[in-house]
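Here's the structure we're looking at; comments come further down.
Chain lettering (A, B, C, D and E) follows the sequence in which the chains are written, and residue indices restart at 1 in each chain.
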């Protein structure tokens, strides 16, 4: 058992553990009945995905994932839960038929997606660069994806204004 | 550089317009009518600008953005739809006066987003643009005030929208995986070779989901009735007219990936087409609320548009473009009348139309022509549109589909006739006062009626235009 | 382990479990959470293709970043809409929102 | 146009046959509200027409050939129809009969119809009839003949239903039209077959066709039988007898003109018109002979039970028509035509006389008329007796001669049965005619003087008795009576005239009668005359015994056999059968079934489709439940299934 | 709009435009000036009539073929032409349309309620009818066909009578359901013809395979057959006629129903003679059933307009039978019958309309004895009834004669079966006449006025037309024949 193979084994173990986290988190996020657990599950799953990104060779994206998703989005959701305070106490009983149908439909979908993934003969590009660097990402954003970059800023602007008018006005009007 | 600027002029113009209204929204108080006048002026100029730029073609943003006849035709349609909706916003009672500036802001943004959408030839750009347009619509829908019974609309629209867009995103990722590129021009080259593999079709189908959602094709239509009913009349009009244009354009673009060589995709589209037409028309039969009725009719019309598209050929695309054009005019004509009648912003019921021909003969006629157009009765544009899509479908051997389409058109006639009957025949329970129709609206009514007939009969040059546009697609 | 298919299955799983959530949760915020899972699934797909197939490995990353940005905006909008609904309906149970139908 | 003025015969024909039409048009459009003027116009037109007809008769008699004028009327593909006139001895004779009788009847009507609210209308329809009938008579092609034949039927319909307020009258008109139409459809089909199989409907061409051998006997038989259907309808032959008695609902002059003298004779006329064609088919001739015989006997029996003046003459008309058909079918061409001529005279006479009685006593019942003093009306009483004698075949009246001719023709048949039937018919005819005469002359229980006088007074006819109106009625009657007396003696000149040009006719006639000639007839010539006269006299004597002599029971021998009486009285249940057929098979049968089918199945099916479409909308609308997630579920399922579909 | 093939003044477009201009000029009049509306309508109807008469007398039947041709390319990429022409088949139809419009407008002279809209819609309808008859381009034919159908809905539902909304909806949907087959068929023809032209005659020249002809013909036959009231697609006819106002019934039964038969003849038979050959047995069967069935069901009706509706079913059956024979006489007769039936039904409806306007009932048992109260109105009806039962010297007699000659030749059994229908139709019409017009004077209606001379004129014109072509069938048949003989020759 040389080091490389043990390293590989370690890496493999780490990989599966990450996957495990992701899946567990996802399950908690979806199936737990307390909304706060859901958020925590989501955070767990997102962290797991960040881990997977690491395995995919992109540290930067993994970090951004932690920052934006786990940091920003989850917190925002928690805030929202707090604003609609009594709700996290509400745990209505589960309607089994609905769950079964939902699971069945999703299973069909999953089978489809998995089938596509497995049945397709994925062909890598003939010439592949190995440039994963942040610099290139930045460069890309300012050249090829310039428009995308600009538009995302507009999206955020819209989101901000939208959040204000939607949440804000309705408060004023309802009070 | 200057040349590039001209290419991007409409989008640029609408960005400026949106920013102006962003600024205005920061003001504490502003007169709604003044906002409307300015917005109308801006939109009018925007329309002129778009028309002026309509013969441009070129590439922008490192080939992410393509300006050609196809995109420019749709941009003109979008600008026109926006102009018309703003024209009808003089009675914007469905939205609180304090939010009017935001309303115009979002509308300009949405138009801008859709303009970018029709021009984008890169998957990420397309995705971002469609999200931008969707988000502005998500926000416009719940703006409606004093309508607690419709409060769930916004959230429903949002939830369905994000689900559909997640599917689309997944589909796009599959396309990316299959072709290793995000450029449409390269996908078009590579994808036909991959059609034997499931990924290509699944990727296409999933990415079409987002556009089907926008166009309200069965089974992605579920938001349509609720949103049409639940949002302010003007917002509904906007969703029903302008936003459909962009969706149609993108469906045409994406189905074009297969270069007409995919029976599986065609079969899928055929099924959706038949389901959409049948479902929309059948359920519309029992509606009482006009906007909800028009929502179902829009589902059916999405089916007709698909019939042109599923021919997966130039003639079919040209027919679909023509259909979209005609649909814009007819649908807006109906909505204009509805907005004019329900000038306090409430939801119009069919029975409220009773006695319309006395209250305002002109509006009644406009409504009748619009509805006949939607029903596909000559000599309106609706008929010619149907004729062209059927022609495209039959040319590909779908004779039975054309028959199904015509039977559906007959079914649809029933509910359109019910509305017309209400307008021309029913005696109102209580006498409503005559509707005051200002000169602008009169002129607009005549223009719309004239346009519907003109498009319906003198469509030679429009045919040339749409065929050229469809050709520029590839 | 480190094959493309593994990642694709994971992302498919994430997407599908998200779908389960969207289809079955009553709590609107719960649904929103599930949508985030779906987006992550797609995002993961991009990253995987990026890693194994794409000629330029930055493209997938750029896309993942853009998705994150959009997801943030989407969450903000979604939450505000949910809050607005909560103020009117005093509930964020989607099953309460059934007035429009037919 | 010029051609018309160059040929006097054509000019006379055109004028004679179109004036009545003009008169109808003028009356209907312009002078509806002026009865006097209307009648003057109509009478003038018909008088001119009668003069023209006489002129043509003279011309045809003097010329050695037939006149034929044709002009293209319509052409479609290889069907070319012409409009034209064909004046040969037969048609000229018939034209004269029609014009003269019509003329007399119209003059008579001046008195009979005076004061009627529909006076103008009456004359308009009379003119229509005269026009149509004359055109029919001289039609040069079968199709033209058919067209005017139908128009004659139309006029008949209008005139029978003249008193349209009366249900029975409008009913009778309808019955007449529909029943004749049944026959006409056969006629029409026959014409169609001829058009298709022969292609030329010209009457002379048709008559010469069998000689050329281009047509098979089977075809001729079929065509002839179909055309004979028309004869059956128009001439009220078995089984379409019953409309004619009902047609007596019309004004009496109408009965006189249409339903005895001319229109109903049209059937016989058609038979004689294309006699050579018929004669080429022995089968058709045999069928016609049988039908004629049956008709004659049936109608005679019916006439024995009725008390209605006009009904008796109506049955008698049917029976005489049957006789004519027999004669023609037996090859007695001239006999048939001759009987047609004499019958037109004496039957019009009988009707017009009856009309005077009816006008005077306001009833049709012979017993009542007799009781109220019918015999005091000297002129009509004499005339009616003259007519009855002619009808019974008593010499020297015209009926005797024609009936003898017919019996001679029947005698020539191989089978004696036809002759005996004819003799029996003659006996019955004499019996019922004189039953009527004796009822009028010697009413049961004598005349009720006062009542009759009172009756006359109350209706204010007294002063008219010797006024113009009475004479307008009396003079035509007297003229006809004279004709009846004289006409019989013209037999030989008439025979020479009729048989002159008709080589084909002569040939056919001899051929048809050939079977009988061979064995020289059933009985000898002298014996036949005696038999004929004695059959008539026997009938009269029987009638005298039962009705005329003092102390007679006045019931008739039939009253001793109630079922037979009932059978005859109910017209052998023919009407009942038609009514039953119409009610069960048409009204409550097919019509009922089809109407239900139309409402329930066809229309109901359409409505059902609409209903299910809408129901489909309701069902589909469940799919759009308010529950967001169910909707999403559908969406996801469809997308998932689409993926699976792409995979496999 | 490049290639122009036009000789002189475009008279056909002028005829078409007389109605379109009429429509627009009516729209410009203020609605309260009903008198002016009627005068203007009358003016344009007269213009149309004069132009059509001019056309009729200048039509050269010796030359035959398509005359007064106007052909302009309309849509290049699809091959749509603005292509008008007259031949012997549409000439009678044009005359019919002009006469019925003229008399129809005149008949409605007393209309006051929403007169502007009424006449505007009527002109729209007639524009469609003219267009359909004149056009020789499949696309335009369909356009005009539909244009002529949809004004029926408002016309019936606003001004109609019994169960008007039901009737209007049923009629409109039913008839437009027919076009659900026509439009695909037209497109199919275009596609099979190489997707280059909608020109009827070019398509005829190109020709179709037997298979295509079979499909096309049955689609066209069913589609147009609905409008031609082919059994069993006839039930809209009585229901719709009962509901419709007088002039609309006149135009609808008089002219519009002919569009169906005309469509079968002009499009179906021109493009797919072999298809017709394949389906002719079915066509003849349905027609024969229709003839007898219509008369039999009519026997049981108690509403005057129902009666006429069913008689139309029966008469249109004769048209169908004539067409099915595929012989010169049959088609001649069918076209002639279309004309004759049009005029006759117009007369029917205009007299019933008058009676209904005055008595407010058209239920036969409630009427009775009308001859006493309204002799002239009754006379009109009776004349129409006589024309309906095929009395000679009225136009329809010739038509029936020709059709039956052809039918007996080609379908002996069916032809004889249909001939039996003549007896029933006589029974049926005379029954109606007897119950409505004969009998005791009906005191309830004793005070009502008879048709005034002014309103009698249009009816007299119709009678005049019936009698004129009854006396001189050659005038019409020569014209019809000039087209039919080459047409049949081309089979």
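Just so it is clear, contacts are C-beta pairs under 8 Å (C-beta built on N, C-alpha and C of every residue); 3 or more make two chains touch, one makes a residue touch a chain.
These numbers were taken from a predicted model, which means no experiment stands behind them.
K.L.:
Identify the chains adjacent to both chain B and chain C in the sense defined at the top.
P.N.:
Common contact partners of chain B and chain C, which must touch each of the two, are A, D.
K.L.:
With respect to inter-chain C-beta contacts, which pair, D-E or A-D, contains the greater number?
P.N.:
Higher contact count goes to D-E.
K.L.:
Taking the mean of each chain's Cα atoms, which chain ends up nearest the overall Cα mean?
P.N.:
E
K.L.:
By CA centroid distance, what chain is farthest from chain E?
P.N.:
The most distant chain relative to chain E turns out to be A.
K.L.:
Can you work out the whole-Å distance between the CA centroids of chain A and chain D?
P.N.:
Taking the average C-alpha coordinate of chain A and of chain D, the gap between them is 103 Å.
K.L.:
Using mean CA coordinates as chain centres, what's the gap between chain C and chain D in Å?
P.N.:
Each chain reduced to its C-alpha mean, chain C and chain D end up 96 Å apart.
K.L.:
In whole angstrom, how far does the Cα centroid of chain A sit from the Cα centroid of chain C?
P.N.:
Each chain's C-alpha centroid was found; their separation is 7 Å.
K.L.:
Distance from the CA centroid of chain B to that of chain E, rounded to the nearest Å?
P.N.:
For chain B versus chain E, the centre distance works out to 41 Å.
K.L.:
Indicate the residues of chain B shared as contacts by at least two other chains.
P.N.:
Touching at least two other chains: 124, 128, 131, 135, 138-139, 142, 154, 156, 159, 163, 170, 174, 177, 180, 198, 202, 225, 283, 286, 414.
K.L.:
Two or more other chains in contact with one residue: find those residues in chain C.
P.N.:
15, 18-19, 22-24, 43, 48, 53-55, 59, 62, 66, 70, 73-74, 77, 81-82, 84, 88, 94, 97-100, 102
K.L.:
Give me the residue numbers in chain D that touch at least two other chains, ranges are fine.
P.N.:
610, 621, 624, 628-629, 632-633, 636, 639, 643, 647
K.L.:
On the basis of the stated criterion, which chains touch which? Give every pair.
P.N.:
A-B, A-C, A-D, B-C, B-D, B-E, C-D, D-E
K.L.:
Any idea which chain C residues touch chain A in the complex?
P.N.:
Interface residues on the chain C side: 1-2, 4-5, 7-10, 12-21, 23-27, 29-30, 32-34, 36-37, 40, 43-44, 47-48, 50-59, 61-62, 64-66, 68-77, 79-84, 86-88, 91-93.
K.L.:
Which residues, counting only chain D, touch chain E once they are in their complex?
P.N.:
Result: residues 72-79, 143, 146-148, 150-151, 154, 157, 161, 164-165, 167, 169-171, 173-174, 177-178, 181-182, 185, 188-189, 192-193, 195-196, 586-587, 590-592, 594-595, 598, 602-603, 606, 610 of chain D touch chain E.
K.L.:
Quick one: which bits of chain A touch chain C in the complex? Just the residue numbers, please.
P.N.:
Contact set of chain A toward chain C: 12, 15-16, 19, 22-23, 26-27, 29-30, 35, 38-39, 41-42, 45-46, 49, 52-53, 55-58, 60-61, 64-65, 68-69, 72-73, 76-77, 79-81, 83-84, 87, 90, 92, 98-99, 101-103, 105-107, 109-110, 113-114, 117-118, 122-133, 136-137, 140-141, 145, 148, 152, 155-156, 158-160, 162-164, 166-167, 170-171, 174.
K.L.:
Given the complex with chain C, which residues does chain D contribute to the contact?
P.N.:
621, 624-629, 632-633, 636
K.L.:
Where on chain D does chain B make contact in their complex?
P.N.:
These residues of chain D touch chain B: 610, 613-614, 616-618, 620-621, 623-624, 628, 631-632, 634-636, 638-639, 642-643, 645-647.
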